[in-house]
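Labels run A, B, C, D, E and F following the written order; every chain starts at residue 1.
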Amino acid sequence: MTPISRFPVPDVLDLPEDLRTRILAVQEKSGFIPNVFLALAHRPAEARAFFDYHDALMEKDGPLTKAEREMIVVATSAANECQYCVVAHGAILRIRAKNPLIADQVAVNYRKADLTDRQKAMLAFALKVSREAQAVGDADFEALHAHGFDDEAIWDIGAIAAFFALSNRMANLTSMRPNGEFYAMGRQPR
Amino acid sequence: MTPISRFPVPDVLDLPEDLRTRILAVQEKSGFIPNVFLALAHRPAEARAFFDYHDALMEKDGPLTKAEREMIVVATSAANECQYCVVAHGAILRIRAKNPLIADQVAVNYRKADLTDRQKAMLAFALKVSREAQAVGDADFEALHAHGFDDEAIWDIGAIAAFFALSNRMANLTSMRPNGEFYAMGRQPR
Amino acid sequence: MTPISRFPVPDVLDLPEDLRTRILAVQEKSGFIPNVFLALAHRPAEARAFFDYHDALMEKDGPLTKAEREMIVVATSAANECQYCVVAHGAILRIRAKNPLIADQVAVNYRKADLTDRQKAMLAFALKVSREAQAVGDADFEALHAHGFDDEAIWDIGAIAAFFALSNRMANLTSMRPNGEFYAMGRQPR
Amino acid sequence: MTPISRFPVPDVLDLPEDLRTRILAVQEKSGFIPNVFLALAHRPAEARAFFDYHDALMEKDGPLTKAEREMIVVATSAANECQYCVVAHGAILRIRAKNPLIADQVAVNYRKADLTDRQKAMLAFALKVSREAQAVGDADFEALHAHGFDDEAIWDIGAIAAFFALSNRMANLTSMRPNGEFYAMGRQPR
Amino acid sequence: MTPISRFPVPDVLDLPEDLRTRILAVQEKSGFIPNVFLALAHRPAEARAFFDYHDALMEKDGPLTKAEREMIVVATSAANECQYCVVAHGAILRIRAKNPLIADQVAVNYRKADLTDRQKAMLAFALKVSREAQAVGDADFEALHAHGFDDEAIWDIGAIAAFFALSNRMANLTSMRPNGEFYAMGRQPR
Amino acid sequence: MTPISRFPVPDVLDLPEDLRTRILAVQEKSGFIPNVFLALAHRPAEARAFFDYHDALMEKDGPLTKAEREMIVVATSAANECQYCVVAHGAILRIRAKNPLIADQVAVNYRKADLTDRQKAMLAFALKVSREAQAVGDADFEALHAHGFDDEAIWDIGAIAAFFALSNRMANLTSMRPNGEFYAMGRQPR
């Protein structure tokens, strides 16, 4: 069977208490342990920081809906050709947006996806942060303000794109394999 | 409802006899008319040549399996960010490969997909034809020979990549929309 | 003598009737058989579709002049470093535009060529379809409308760029060699 | 005076206890507060995770020397045009390597820097992770093994490049300004 | 009539003595004044240095034939989309190589041109200097040594590519227009 | 000790009279001989033209201040990853601008440097000439006119970018090493 990482993968029961508890809680809620937890737990200190960072950006309330945050993940992860993140967060996007088609559309070409102009502007900015953050400037902020995003929302967009710049590279470095469960999740129309 | 093309879309009953017959035969077999037929039928002479070319490459027997030909379509269409081709041919790939996971894997990053080394070499070449055919040379042919592809197989790989270079551009030019049916097709494990 | 293709080249007399007739008619008219006919005739079914598609785009009447269509071919083929298409269609462009300088100008840098602003806008769009069709959108259509191109003309521009995306890749795949006749054709001032 | 971030910057005394303590300890040790602490503390939960992640990668013992880790930071941050990281970590690199010239050399073109072949291989891999992690594969691991890096060292190289992919994007998003102190630090020959 | 430069063009009779003499000598020999002399003479001090540099590289004897040096000019100028240099040096290449086809072949895709493997290696290196000189290293020198180029020949190849990096940019900056005479020169087979 | 060039480096006393005098004058003024003089003097005729060209652009009076001209050198040389030019001209920029921070800022990301909007527009144009001069056109000239640059100033900006396109390639070709003196020069605040 194809391994979930090219690096050693710990047994969840051998992990430090806090990581074990965290991971078992996810398993309880989701019905399975997403492979990213096990693959990154090879380095417990890095893993703790990774999941803390993830949750600080993705689980809080705020100006972006949870579905919109997942759109950013899917669009930038596709640009970075990250199999794990596109497949896993594609599933979450389908569920949070209650839309079985949206993840594939955003992954392939967000310009042709069933999104509002405001959401397309959000993704254009996220991709700019992902691909050439060095060129981000006042004109980009003004374009987003014109769509109703304030500076805190812009931080959210940029920070999610930046965090998944890290995440995509770790997944490609480790050849992280998405769980089979993700592929079909959320594909039933509601 | 979102149109299937930004150009006028003919009614199938108004089409020239040969195109109408061809399209109704597809509908009979598939249960629906893939939008590419209607979107391109706006220009009957071009449409005839397009479908003739497609069938000459994709429907014949030959050294590549039908699933392998669809892998080439999905990999190069993803590189070209072509929503229609990734979604529609992703469905066909899942069915022909009898593998519900393979299309998403190939679309995001074929290097991490569940493929043989021979198939990865095939896709590396297809992507070179798609992205920088000007640099194709003897070394590429030798690399494929080493994997057991003969020159006729190499023509097939290159010609499929070349045909979808055309197809992807037409789909992006026309904002061609994939039928909703394609998204879930072939996702049930066998 | 350098072969005209790295793949086997059929004798015209061995070809299926329809292809033989078609090619002999071209020979009668031009005085020689352009190598593209022989190189692609290695695969008759693909060749038929190729030439049907070509003629549907390049031989019909329409909003673009025949010279303008050849400009699109030369500009996009140069961007794709396709020797056959730049040399052969450069000759046709010189003849159709009755201008011995225009083909070299368009091949090297259309922005500096002796063209109208409308023609430069046409070529800018053709190159966008050729290089990043995924980013084509409403703003591009509006820019062309402002130069007097309607949607049917835009289809023509985009479809020619798309067809030669295919053609350029086939020529580079097969190392297709332009006939010596093309180089000097149309270079005499009128 | 130019602000250190385009977002609001908190007063260190208003920060949550743990961040305040952490930052004051850095100030005590360095003589000043590096601006990254204040700029990112605008979002305390994200800041905690950021600094935890940083320290997990950069402060531990391991197969890479601390100077080598800073080389990775400087090389990848220069590729991402991140002013804060090149200036601040350039200073740290000079100090840790006890070499006043090395940071500028690595920032401009590591291939021409006073490094060992092993260190150049390390930076070539770090830049591949930074720029096209999707293409990382077995051949890259083998090349590093040949230079004596084991898989844990490769994780370190890749993870540092990945973390600064995040860090560089946050610095460019926020227009983070390096402290004036960093520019001249470590430039005295020893 | 289209101007030969977007900047003011001096009358040759108003130029400083040395430039006037130099230019009239070229006119005597060629039958016309190539526009580069007049366009650059707008700045006499820069023009003197430009032509001195050009002659030092292109007119001396040495390990590369004069035709080979012109191949480098044509290949790198085409990559830089420099109309003046491709058209003018294309003419010189045809004459020096006594080959009416070679310039168009090299301009479009040197890999498919009628060249020796040694000449293709020379052009691959010239294009690397032109496009990413920062990555030039020992392996490139070794590859050229294997084709019989010594270090002095390598300097010549690299220096010609470097000089035309300058020249191409000046021609594009000034919209320098090639003389009509160049287009047809050397196209008669010998 | 690391050589200053991968090619033979002449002894200054063996050089032709004019080059020897020129170099000794620089040594007298600067206190040391910048390595570029010795590395390029391997080819006296090319070296003479190089330094004449350099002085014609960099030493004259004109609409750009000497500090602004050095900004162009540093920004474009950093884009070309030229160690010699960034380090040596970075020193000159610090001195001419009387600003110990400006060179590092411009080298890493001029958009975030302590510059006026006019200077940022100047560098944006210089980088366009450096990276894609083929696309320079009327709109670029108009943008610079709006910042108060006239056509002569635009020639200066473009010509400096063009000259260092040459210079950067020669430095990378020869592995030219900056003198140790440059690194710390001008770093003391005034």
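Keep in mind that, in the parts below, contacts are C-beta pairs under 8 Å (C-beta built on N, C-alpha and C of every residue); 3 or more make two chains touch, one makes a residue touch a chain.
The structure presented is a predicted model; accordingly, all values stated were derived computationally and were not measured.
The most distant chain from chain C is D, comparing centres defined as mean Cα coordinates. Here the repeat of C-E among D-F, A-F or A-C is D-F, since over half of its contact pairs match by residue number.
Centre-to-centre separation of chain A and chain D, using mean CA positions: 24 Å. The centroid of the Cα atoms in chain A and the matching centroid in chain B are 28 Å apart.
With centres set at the average Cα position, the gap from chain D to chain E is 44 Å.
Shared interface positions of chain F, defined as residues touching 2 or more other chains, are 81-82, 109, 134, 172.
Under the contact rule stated at the top, the pairs of chains that touch are A-B, A-C, A-D, A-F, B-C, B-D, B-E, C-E, C-F, D-E, D-F, E-F. Put simply, chain B touches chain D in their complex at residues 109, 111.
Of all residues in chain B, only 2, 78, 81-83, 86-87, 90, 100-101, 104-105, 107-109, 112-114, 172, 175, 177, 180, 183-184, 187-188 touch chain A in the complex they form. Contact residues of chain E toward chain F in the complex are 6-7, 42-43, 45-46, 48-50, 52-53, 56-57, 60, 80-82, 129-130, 133-134, 136, 141, 151, 155, 158-159, 161-163, 165-170, 172-174. On chain D, the positions that touch chain B within their shared complex are 134-135, 137.
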